[in-house]
Structures are given as structure tokens and as C-alpha cells.
Amino acid sequence: MAASVQSLADRFGCELRGDGSRSITHVAPLGSAGPAAISFLANPKFHGQLADTRAGAVILAAGYADQCPTACLISKNPYATYARIAADLHPPASATAGIHPSAVVADSAHIDASAEVAPLAVVEAGASVGARVIVGPGAVVGADSSIGADTRISANVSIGARVVIGHRCVLHSGVVIGADGFGFANDETGWTKVPQLGAVIIGNDVEIGANSTVDRGTIDDTVIEDGVKLDNLVQIAHNVRIGAHTVMAAMSGAAGSTVIGKRCMIGGGTVMINHISLCDDVLVLFRSVVTKSILKPGTYSGSLPADEASTWRRNAARFRQLDKLADRLRKVERELDSKSLK
Amino acid sequence: MAASVQSLADRFGCELRGDGSRSITHVAPLGSAGPAAISFLANPKFHGQLADTRAGAVILAAGYADQCPTACLISKNPYATYARIAADLHPPASATAGIHPSAVVADSAHIDASAEVAPLAVVEAGASVGARVIVGPGAVVGADSSIGADTRISANVSIGARVVIGHRCVLHSGVVIGADGFGFANDETGWTKVPQLGAVIIGNDVEIGANSTVDRGTIDDTVIEDGVKLDNLVQIAHNVRIGAHTVMAAMSGAAGSTVIGKRCMIGGGTVMINHISLCDDVLVLFRSVVTKSILKPGTYSGSLPADEASTWRRNAARFRQLDKLADRLRKVERELDSKSLK
Amino acid sequence: MAASVQSLADRFGCELRGDGSRSITHVAPLGSAGPAAISFLANPKFHGQLADTRAGAVILAAGYADQCPTACLISKNPYATYARIAADLHPPASATAGIHPSAVVADSAHIDASAEVAPLAVVEAGASVGARVIVGPGAVVGADSSIGADTRISANVSIGARVVIGHRCVLHSGVVIGADGFGFANDETGWTKVPQLGAVIIGNDVEIGANSTVDRGTIDDTVIEDGVKLDNLVQIAHNVRIGAHTVMAAMSGAAGSTVIGKRCMIGGGTVMINHISLCDDVLVLFRSVVTKSILKPGTYSGSLPADEASTWRRNAARFRQLDKLADRLRKVERELDSKSLK
């Protein structure tokens, strides 16, 4: 898909500086872009590459326009503008309407005529697949589930029974939605499974990364609100609720019944223990352990950076003595105090 | 499935208080249950909801019976009783005997006549699938593997060759059993793969959560004993042995040759390094790193809770000086001592 | 496959001591090997088992030869020699040439005549599958991808579009290569997806463990060089580059644009944050958080070992006071200093 610089500026609400007639066919980084590419400058760190760029056009903030050797599209948020223009120039493949003959679709399933069901996919009884949905190869859509319009389900995704997924979602390969939550009652015979009877409800515009897992609720549902983005290998336990537009980076997890607010950002590898809640607008930095509810928006942290091993070992050994060190310090203070009094 | 309150009390060994004639069709939480639902009170935290419940019956401990406005089933372990009654009212779908025509089953595989092989599943040569087993859509049962009676294998599970799985197990979607362990020998050419020749042996009543992985042993086998429950995204490396009725929460992992005792509880995100052992009845709290064998039953802990970022940063900076701080404290103590002597 | 001890010594470059005529059919551990088995002694810890072994032959270092009660193959690197002999005696199943009739292969895909495409696998348009490759059951090879000769793709692997994989690679079940990287631009409407347009390029002799994920690059590619070994549940984000012969243990992850050098060893559960680089020959011990670039080869560490819970709790509480403790220590030192001056 090609577009003139002028038309991109018009359609994406940017002020144009320079020659708008050039035809743009693709995006490229500042350093390697040629004249048919549009690039962007969002991170000031790459500012040095601007002067030498051979891009056909650059999306940037007003302050950099004078230094741009080629046409530029001025945006208050160059990265978001870039994202929209890149999606326009490189749209994802749209659904090829129809059910591949090798797919297995239950008679009672409803597949919109514009949806694509890829080779060797399975759609179980009572499931509903909306307009322009893509059900990827080898994916399984469980009984009585519902997939909203324009949602894309990649290869080998597994969706359990009675899962509801909204519009324009993206589920990457290996994602599992609606497996049983981890619930067992203990008695003298060991562990008795607690039936996991709830569903999973996923809003619109949700993206879930490869091999992430979202369990169904125990009695009530697990809920993921609109616009949530989960990275790869993320774990969402039963009865968790994730507020709209929250993002969770790779390898993070929310234990059972955690409630996460809107617009939170959860760093990679972070664990939130069960039955806590995070208010809206909380940023938790990577690899934290959140053990109690967070009631105040702000930034929270919880990991110790790696160090050269011998240094780390000495400090880690002292950590094991920390309580005793504190007691000794207290004793020293008292002794000094008593001397002062004399 | 409906049952009278009386019949539930009888069949699950509870003392009944109140009207036993009401018909119960499902379970529901105390707060939202209607007259056809049975609920439970296990966590004293929810005690306040009891007085107002509209449930048809409530499972609870004797001490709460007097406060219950409806029929109640008195149990010493209300949660376990609830689990059993919920499973009775909401049984999982049983196997629909037969092999779907789209499934690919090797001639030399043995499929019990009562087992279900779902659409697009694969059962390889020499494999054996027991009575009432469900092999879910897209699941693969490897060559010469054996699946015990009443085991349920969800969509897109991958079971490698020569894996043995017991009776009544549940494997959730995306589980991988019997991939190669991570074994390589290093020399001047880089890493040479050490063939992973062992099997995986899984006992009865084992449940394994979505996208968890259990590797085969190097020469000997990886073993998971009866009643073990693994949550999602759990990693079990080659030659690990997990004792009966041990549970491991999501995102925890056991490195090669770890031996875990019976009835242990391993918190989410915990890592156990290789070649260590944990005795029976060890509780390891979430996100710990277990670096040496645990020889005494008890509770172990190993994570630091996240804090407001600026506070965390100050403390983390001090952690890097901890050994020096301890040295300075020692010096202060000596100086004080010498002054005392004067 | 059987071989005489003499022929193994000859073919694998070992000095033979003792009877070379015995026929060896398999490998076994020192403690349980019988006369048709070859065993090895690599870890001095198992030295005590040597005297009583009933193995037909033992691979060991010269220093142990005199204590070996049976034939021995002397090697400078017994473990690497064992790995090669084990692979010779127990070769992985080779490809059974041909496309299973249940597999779905696009007309425009190229499948080498010697390759195996297993039941219910999918090879999309324009993909190329090399000589003796095995595409496992339920695996999906995306459009325009390329799989080099002798690569083995296990059950239910998902490979996205335009992924390039080298020769002799092993991808275990559930692996996802080429899902979108986690890139979103934030503005007042929430998160806008940044199209992930790069590819994934994987070299030769790379092994990737079960359920690991390697995302495609944003504009440029994600690159994994020759000989890299990734364990299970490893996350490789967009635009990461991993140098040749680096290994990453289970549950470790590299965030976006991380550059890892050659011959690094990354311990299990380690997280590397985005946009940092590690030089060659870095060893990072398990469960570390690497937050800044490592410019010097060596060993780095970053986790605190679990402790008995009450001890841990006391020390963890003091951690939260650490900055204040340090301030108090400074005050004590000053006070002592001032007293000394008097």
C-alpha cells in the first residue's frame, strides 16, 4: 500500500513540512530508511541519526523539524502517529472468508460468513465466531464460546468452553483461555478438586501474548476489561479482574482474585499474590512481588539488581544477619547515649 | 443435576439442620445464591454474608449453624464438602465414546472402547488410551505412551513418546510432557546434546495446569507421584521427583534432579535449583529461591515485598553497601569497647 | 544399535584400557549399568560408584582408569564423549519421508522429498521445509518461513510468517516463534499497537525448549545465532540478539532489544531488562535481574536464598529500614569521632 507524504499528513492529523508529493511504501528505522520509507523520531536518544537520514519523510515533534533534512510530519506524539501510519502501510492480513475443509466445525456453531476458519482448527458446539474473525490453524474454540468481530486467534490457541472474547482482540499462538483455576480443598485424603465453574470474559481491543494463560473463575468469572495488553507467558489466575488499558509485561502473573485497576503498568516478571487489589494508575517495576494492596497511584519497585558475584555474595551473607546487625546498632546507640549522659 | 438438601446431607456425611426437602440445582456464592443454590462458608472473612444469604442451603462448620437463616449442612471441613457437592452437581462432561473421524490414530495404538478421541487429535504408534479417557482436540499422545483410565487431556496438549500417565489425571491445554531435558556437554566445539533417554512417569489423580512443562529424564525417569497438583506455567526439569500430594503454584519451577517430598506446598514463582531435596511437609512461600536442601518440615520464605519506588531505591542502594556497613558497625563496636575499657 | 567397546574407542578418539571385544547396546548410570551398557564418570561426586559398577565399559578421565573394574575409554572430557556415544547408540528417530495425508500443505510451499510432515501439521503458502526435516503432529509452519535441513519441530509448535530457522535445530513442543513483539504507543485513547514487521532469524544447531517464545522484531529482526540453547518457558522479546553458543536456563527472559554476547550462560529465572547488552562469556547465576549492561566477562549473581520463614521475615523487615539504619550508623560514627577529638 503506497501513500503520498501529503496524504499521510492529512489523514493522520500532522502538520507537513517539506515536499509532500513523495510516495511512501513502507516504514523503516531512521538509520536505514530509503526515500520510499517513512521513519520516526520518538526517543531523543536517536536524535543524532536525524541529520543523516535518507528517509522519504520523518514523523517527529515540532522541536526537531528544523533539523530534519527531508519532509517531516509534525506530531505531538510521534510514536503513536508512527504506530497508526505503520498499521496503515502494513495492515495485517485480513480474513479470507470461509471454513477450510480440514477444519472441524460443530453443526451448532455459528460462523459469520466473513470469518476465516483456518486449516485444522476446531470450533465446538454452540460457539459463535463473529465477522471477519480469523481462527488460526490448529486453534480450538470451545463449546458455547463467543468471539467478537475482527478478533484474530493465532495458531494453536486453546479457548475453553463458555469463554467470551470481545471485538478486535489479538490472541497469539499457544495462548490458553479458560483452563481450570487452581483450586483444591485439603483434607485427610489429600486434595479434592474444587470445580471451576465460572467463565472468562474478555473485553474489546485486548491483546494476549504467546503462551499466556487466563484461567476461568471458580464460581464467578475472570474478567479482562477493554484495551488490556498482556505480553508472553503471563499468568492470570481464577477470578482476577484487570482494569481497562492495563498492560502486563512478559512473565508477570496475578494470583487468584487479584483486582488490578485501570491504566496500570506491570513490569516483566512481577508477581501479585492473591486477594489483593491495585488501584488505577499504578506502575510496578519489573520483577516485583506485590504482597499487599496498593491504594495510591504511583510507582512501586521490588527487585535488587544483579552484581558481580563475589560482591553480591558478601552482601547477601550480610542480609542473613540483618536483624542482628540492627540489634547491634541499637545497642551501640544506647551505649553512646549513656556515655553522653555521663 | 438436581438433589434435595436431605440427600446431599446423607450422601456427603453432613448433619442437616432445617428443611431438607428443597431441591438444589447448582452452587453459588453466599452473596448471590438463590433458593435453588447451595453455598458454603469456609473462610470466616465471609461470615458477615451468612445472615442475609438467600441460598437454599449452606455448608458450614457447626459453630455457625445457629446464625444460618436457611437449611445448613454441618461439616468439619466445609470447603472440602463443598468441593465434593459442587462436583456432584456440576460433573465435568464425561467421555463420548469413540474416535472422531478427523483424529489420526496409529494402527498399533490401543484405544479403549469407552474413550473419546476428539477432532484432530493424534495418537501415535503403540500408545494406549484407557477407559473413559478424553483426548482433547488437537492433543498429541506420543508413541508407546500410556494414559490411565478417566484421565482428561485438554486441547493442544503434547505428550511425548514413552510417557506413562496414571488414572484420573487432568492435563490442561498447552501442557507439554516428555520434551527433552536441558542437557548439553560443553567442549571446544560448543554444546553437544546429551540424549534424553528417560521417560516421564505420572501417578494417579495428578493435575497439571495450562502450558506447564515436564521434561523426560536423562537416563532415569522424571517422576510425579499420586495426587500432585501443578498450576499453570510450571517447569519440571529432567529427573525431578515430586512426592505425593505436593502442590506447586503458578510459575514455579524445579531444576534438574530436584527431589521434593510429599505434601509440600510450593508458592507461585518459586525456583528450586538443581540437585537439592526437600523433605516432606515443607511449605515454601511465593517467589522464593531454594538453593540448598531443606531437611526439616516447616515454612520457608524468600521474597522481599515491593515498596514505593523511591523508598525501595534508597534501601536497594544500601543493600549494595551492606557488607561495608557491617564492617563499619564492627569498627564502631570495637571503638566503643576500647573506650569502655579506659 | 550395538557396537564393540573397541569400535567406540576408535570412533570417538578415546584410549581403551581393558577388553574391547564386548558388545555395547545402550547407556546406563554407573550404579545400574549391566554388561551390555556403557556408563561414564564425569562428576567426581559419583566416584564412589566406580569400584562396584557392572557396566561393560566406562568413559572416564585418565586419573580414574586404575580404579575402574571393567573396560574403560579414557577421555579428556568424559561427559562430552558420553554425549556423543549416547547419541550414536540411541539416535533420535529420523524423518520418515513424506507428507501425511491429514497434513495441510499449501500448494506454494516447498517440502523436500526427504522431509516428514506429520499428521495434522500445517505448512502455509511459500514456506520451505528442508531435507530430512521433521514437522511434528499439529505443528504449524507459517507463510514464507524457511526450515533448514535436519531440523526437528515437535508436536504443536507454532512458527509464524517469514521466520528463518537454520540446520539441525530442535524445537520442542509448544514453542512459539514469531509472535508479535509487545509494542504499543500510548496516547489519550489508550494503547495503539505498533505493527511488528520484523522477522525472527535462527541460526544452526539451536535448541529451544518446550513452550518457550521468541517474538519477531518491530522493524528489524530478532536474531538467535548458531548453537544457542534455550530451556523451557524462556521468553525472547522483539529485537533481542543472542550470541552464538549462549545458553539460557528455564524461565529466563530477555526484554526488548537486549543484546547477549557469545558463550554466555544465563541461569534459570533470570530477567534481563530492555536495551541492555551483555558482553561475551558472561555467567549470570539463577534468578538474577540484570538491569544494566555487563561489559566485563565474569560471574554475576542476584538472588537471595530462601530461609526459615521467621528468620526471613525479621531480616526482610530490616531491609525496609536499611537506609535509615545506614543513616543511624553514620550518626554513631560521627558522634564517636567527635568524642575522640575531645
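Labels A, B and C are assigned to the chains in the order they are written; within every chain, residues are numbered from 1.
One rule holds for everything that comes next: contacts are C-beta pairs under 8 Å (C-beta built on N, C-alpha and C of every residue); 3 or more make two chains touch, one makes a residue touch a chain.
If you're wondering where the values come from, they're calculated on a predicted model, not measured in any experiment.
> Shared numbers divided by all numbers used: is that above or below half for chain B and chain C, i.e. same or different?
different
> Superimpose the Cα trace of chain A on the Cα trace of chain B, which carries the same sequence, then give the rotation angle to the nearest 5°.
That pair's rotation angle lands at 120 degrees.
> Using mean C-alpha positions as chain centres, tell me how far chain B is from chain C in Å, no decimals.
Centre separation, chain B to chain C: 26 Å.
> Send over the residues of chain B in touch with two or more other chains.
Answer for chain B, listing residues that touch two or more other chains: 102, 120, 138, 156, 174, 211, 233, 251, 304-305, 307, 319, 321-322, 325, 329, 332, 336, 339.
> Could you list, by residue number, the parts of chain C that touch chain B in their complex?
My answer: residues 27-29, 77, 79-80, 82-84, 86-87, 90, 92, 100, 102, 118-120, 136-138, 154-156, 170, 172-174, 205, 207, 209-211, 226-227, 229, 231-233, 244-245, 247, 249-251, 268-269, 286-287, 303-309, 312-313, 316, 319-323, 325-326, 329, 332-333, 336, 339-340.
> Tell me, which parts of chain C touch chain A in their complex?
Contacts found on chain C: 102, 104, 120, 122, 124, 138, 140, 142, 156, 158, 160, 174, 176, 179-180, 182-187, 190-195, 197, 211, 213, 215, 219-220, 233, 235, 237, 251, 253, 255, 270-271, 273, 284-285, 288-292, 298-302, 304-305, 307, 311, 314-315, 317-319, 321-322, 325, 328-329, 332, 335-336, 339.
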